[in-house]
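Input: a single structure, listed below in structure tokens.
Chains: A, B and C, in written order; residue numbering restarts at 1 for each.
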Amino acid sequence: MIAVELHQLLRSRRTWVTILMIDSLPTLVAVLLGVTEVGPRPGTGPAFLSAVLTDGTLFPLAAIAIVLPLFMPIAVSIVAGESIAGEAQQGTLRYLLVRPVARTRLLVAKLVSVMVFVLLTLAVVAATAYVTGTLLLGDAPVAATTTVSGTTLTQQELILRTLLALAYAMLSMFGVASIALCLSTFVDAPLGAALGTLAVLVASTLLLTLDAADSIAPYLLTRYWLAFVDLFRDPILWRDVVRGALLQVVYVAVFLGIAWANFATKDVKD
Amino acid sequence: MTPMGRWSIVVAGIAALLAAPFALRALPVDDAGTDAAALLTQVQEAEDHPYSGYVESQGTLQLPVTDGFTDVGALLGEETRMRVWWRGEDRWRVDKLLTTGEVDLVHDDRGTTRWRYAQDDVQRSPDPDIRLPRTADLLPPSVARMLLDDVDAEDVERIEARRVAGIDAPGLRLSPASEQSSIEHVDLWADPDSGVPLRVAVVGKGARTVAFTSEFREFSAATPSAGSVAFRAPPGAEVSFDDVLDIADAANQYAPLVPPASLAGLAKGPQADGAVGVYGAGMTRLLAVPLRDQDAGPLREQLARTPGVREVRRGTVVALGPLGVMLTGGEGDGGWLLAGTVTGDTLVTAARDVTTGTLVRR
Amino acid sequence: MIRTHGLTKRYGGILAVDDVDLDVREGDVYGFLGANGSGKTTTVRMLLGLVLATSGTAEVLGEAMPRHAGRVLPEVGALVESPGAYPRLSGRANLRVHDALGRGRRSGRAGRVDDVLDRVGLGGVDERPVASYSLGMRQRLGLAHALLGHPRLLVLDEPTNGLDPQGIHEIRDLLLELHAGGTTIFLSSHLLAEIEQLATRVGVLDRGRLVIEDDLATLTRPTGRTYLRTRDVDRARALLDGQVEHVGEDHLLVRVDDVAELNALLVRDGVRVTELAPERRTLEDVVLAATVAGSDRIERG
């Protein structure tokens, strides 16, 4: 089932168009920065965006910081929201189930497929950003990149930490994917699941700006998303990264659990 | 499995997951039962104990600040996240963590180095005795040291222990002996092994809520490595050297004034040898800074817009929780900025003393 | 092959399927008749494990459903209500996906797909996406889906929906051929004619209840009465007094033991007989007698 899902995902033109659209924003930013050489004022704008003017090898991170808060979650909500409700809507769900594909396995396959989509998107964004970053933006000393804490990283350390940041960004999308997947088992229209997930995201983002919501802030979905910046402090500040990872695991467990309980006993009527 | 069966498994699992953090928090806190005097001694003796960790401070004081006062307003009015490595009084590093960057202070025997990631600059400066508060002053041990320096056993009582950074820390309540203090009390929780304060909470006079807290979220009493407090300017960063750290330092060095030896009955501290006066001790402290018109003007405007402000004969006075602020003089004048943990009446008296008793250096 | 006991499905307060006991035997072409909304589709979905019964049990191929769906369903081909396919893929690609989800190995996949396409008359189909297919083509593709993997049991819900008369004929031939090859077919339809032409056994569902289940031959066998059409209704009636059960405008229904004797009697008496035959009931008569008006009909109260 997983193999078939992945095959379908990779063959679909829509997958690649979506990835391309996501990829175009950081590329546009790179071009604009490269041409104008005007960085954001210190302390504003996405992480690393002022640093890339001197060090283009940091641009993959800046690109992730650009797409992670909005573009990625929207795409993930749509793709994951489509997973069950989309099959139901085009009438293929019942045929999958009588093939038979076990319902739990179908859920897992869908989640894996969404996560592969995330991985693919991040990989494409990071790779493009590396190329545009080194071509268009500052090429600082090849051997060393400055961390947030003012120390320097070797090429290997930079690559390792960038990979860690990519992994963390992927994990951050896990929660979104499972919420969308869960909603997708409840609603009939894929759009409903996607919009429902986006509503959760917007609510979480909004509550984070509210002092009155401080007590629940550590449990909000988006709370630790940008903690990947902590991977570029020296020494690495694991605190929020670990919390962020655990939080995502809890979100996945909760929403996948609900999805499982609902979907495994659901009457498939469409 | 029946639908009911599935749902009950899932609901039970979710409940267990969500309850886990609360259950951990609800575990009883261990209290060794140290008496207040012994705990105070332990904390005072741990004054220069090394430590490292992660600190969050939360201030609620909405200071009327202007550009000249750098980030004092943010330090006392917002949340500040810090990482600290403290080997000793003259060997430490404090990183102020920002969402997308860092401002680090690295201190050694030659002075303080400030690294700002977003600006990509390094500023070195000497470490004057007289300066505005900075991140390192928000650490629980720093706050405690400042507030404890004239406290003795009569001023303290034990309060319930509390879990701070995973440590069951016994608590101490300090109440100021002086009537002039604007602090109701300060609660402090210390590491039972090292005596290093882990959490400090300040409550202003007449207030019910805490005005300022600072606490470790992660803590180690081990001496941090020398490497962790070293700093070398990264390649490409702009490096500058500054003789003058901030507005207080500037005034202290260059204003041709000598404030009186005492204000409102509070004695001037030994470190004040220039134009800026530091008065009082412990929980009753007052800072007097002479300001030029161009600095005093905007601050006066800000003050005038602050809720609860009072215009008195000698200037403008406002109480912000446990912090009292007064600016002497009127529009178009320079003036003395008086700020500290003292009551409004003390400030007014101090304003009288400073305007009448200041000597002009020639 | 299919056996249900007290199968019941309740949606909220509405009883969609009410205490149905089905019995489909190996080798049957079972015609499952019922008006729209009578609960046919819900029953079919319960048999396939798509809908969970509120109460009662279902057994398919001798195993409990939906508990043993993993063992049962690979041997079942199904077309449920309408065919479903990924609209952006071609029919062939759809079948390949479907085949990959089943037990079939990769090696024979292309052959199996071509085989079922040939059987449903789509052998020459190109790589157009399914989105551009006509209703009839989709229906054929749906059948091809069901045929993948040589199922022992075919569960078909309205298989000829959207097909033209020629297509219906082709599909009927295909089903008869499959039946001859030993496949049991469970055919759900609201079209009497379709069932009458194909089925060996018939079950009739009316408002969720199974009102008839019997062999088609039994249902439509002679009633034991004789149908007599004549121009002299009154004379015949007088002559056969006591044996006439029904009098029509131009015919009588008579219960006699020996039709030859009856014929001789009538001829001898000069009654002009135009037709004399054993009375048979059509499936339509049977169904109409057993059911009420379709549930999509709403009378003025």
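The criterion applied here is as follows: a residue touches a chain if its C-beta (ideal position, glycine included) is under 8 Å from a C-beta of that chain, and two chains touch if they have at least 3 such contacts.
Composition by chain, UniProt nomenclature: A = Efflux ABC transporter, permease protein.
Note that the structure is predicted; figures quoted are calculated from it, not measured.
Student: So with touch defined the way it is at the top, what topology do the chains form here? Options are line, ring, star, complete, other.
Tutor: Looks like a simple chain-to-chain line, open at both ends.
Student: Select, from all pairs of chains, the pair with the highest number of C-beta pairs in contact.
Tutor: A-B
Student: Using mean CA coordinates as chain centres, what's the gap between subunit B and subunit C in Å?
Tutor: Taking the average C-alpha coordinate of subunit B and of subunit C, the gap between them is 85 Å.
Student: Centre to centre, by mean C-alpha position, how many angstrom separate subunit A and subunit C?
Tutor: Chain centroid spacing, subunit A to subunit C, equals 51 Å.
Student: Please compute the C-alpha centroid of subunit A, do the same for subunit B, then give the distance between them in whole Å.
Tutor: 39
Student: Listing for subunit C: what residues touch at least two other chains?
Tutor: 52
Student: Provide the list of subunit B residues touching at least two other chains, using ranges where the numbers run on.
Tutor: In subunit B, the residues touching two or more other chains are 3.
Student: Counting only residues that touch at least 2 other chains, which ones in subunit A make the list?
Tutor: Touching at least two other chains: 265.
Student: So in the complex, which bits of subunit B are touching subunit A?
Tutor: Going through subunit B, the ones touching subunit A are 1-3, 6-7, 9-10, 13-14, 17, 54, 83, 95, 97-102, 104, 115-120, 122, 217-218, 228, 231-237.
Student: Mind listing the subunit A positions that touch subunit C in their complex?
Tutor: Where subunit A meets subunit C, its residues are 1, 3-4, 7-8, 12-13, 90-102, 265, 267-269.
Student: Show me the residue ranges of subunit A that touch subunit B in the complex, using the header's touch definition.
Tutor: 42-43, 45-48, 50-51, 54, 65, 140-141, 144, 146, 148-152, 226, 229-230, 233, 235, 237, 239, 250, 253-254, 257-258, 260-261, 264-265
Student: Applying the document's contact rule, which stretches of subunit C touch subunit A when the two form their complex?
Tutor: 45, 48-52, 69-70, 73-74, 76, 78, 80, 82-88, 97-98, 100-102, 145
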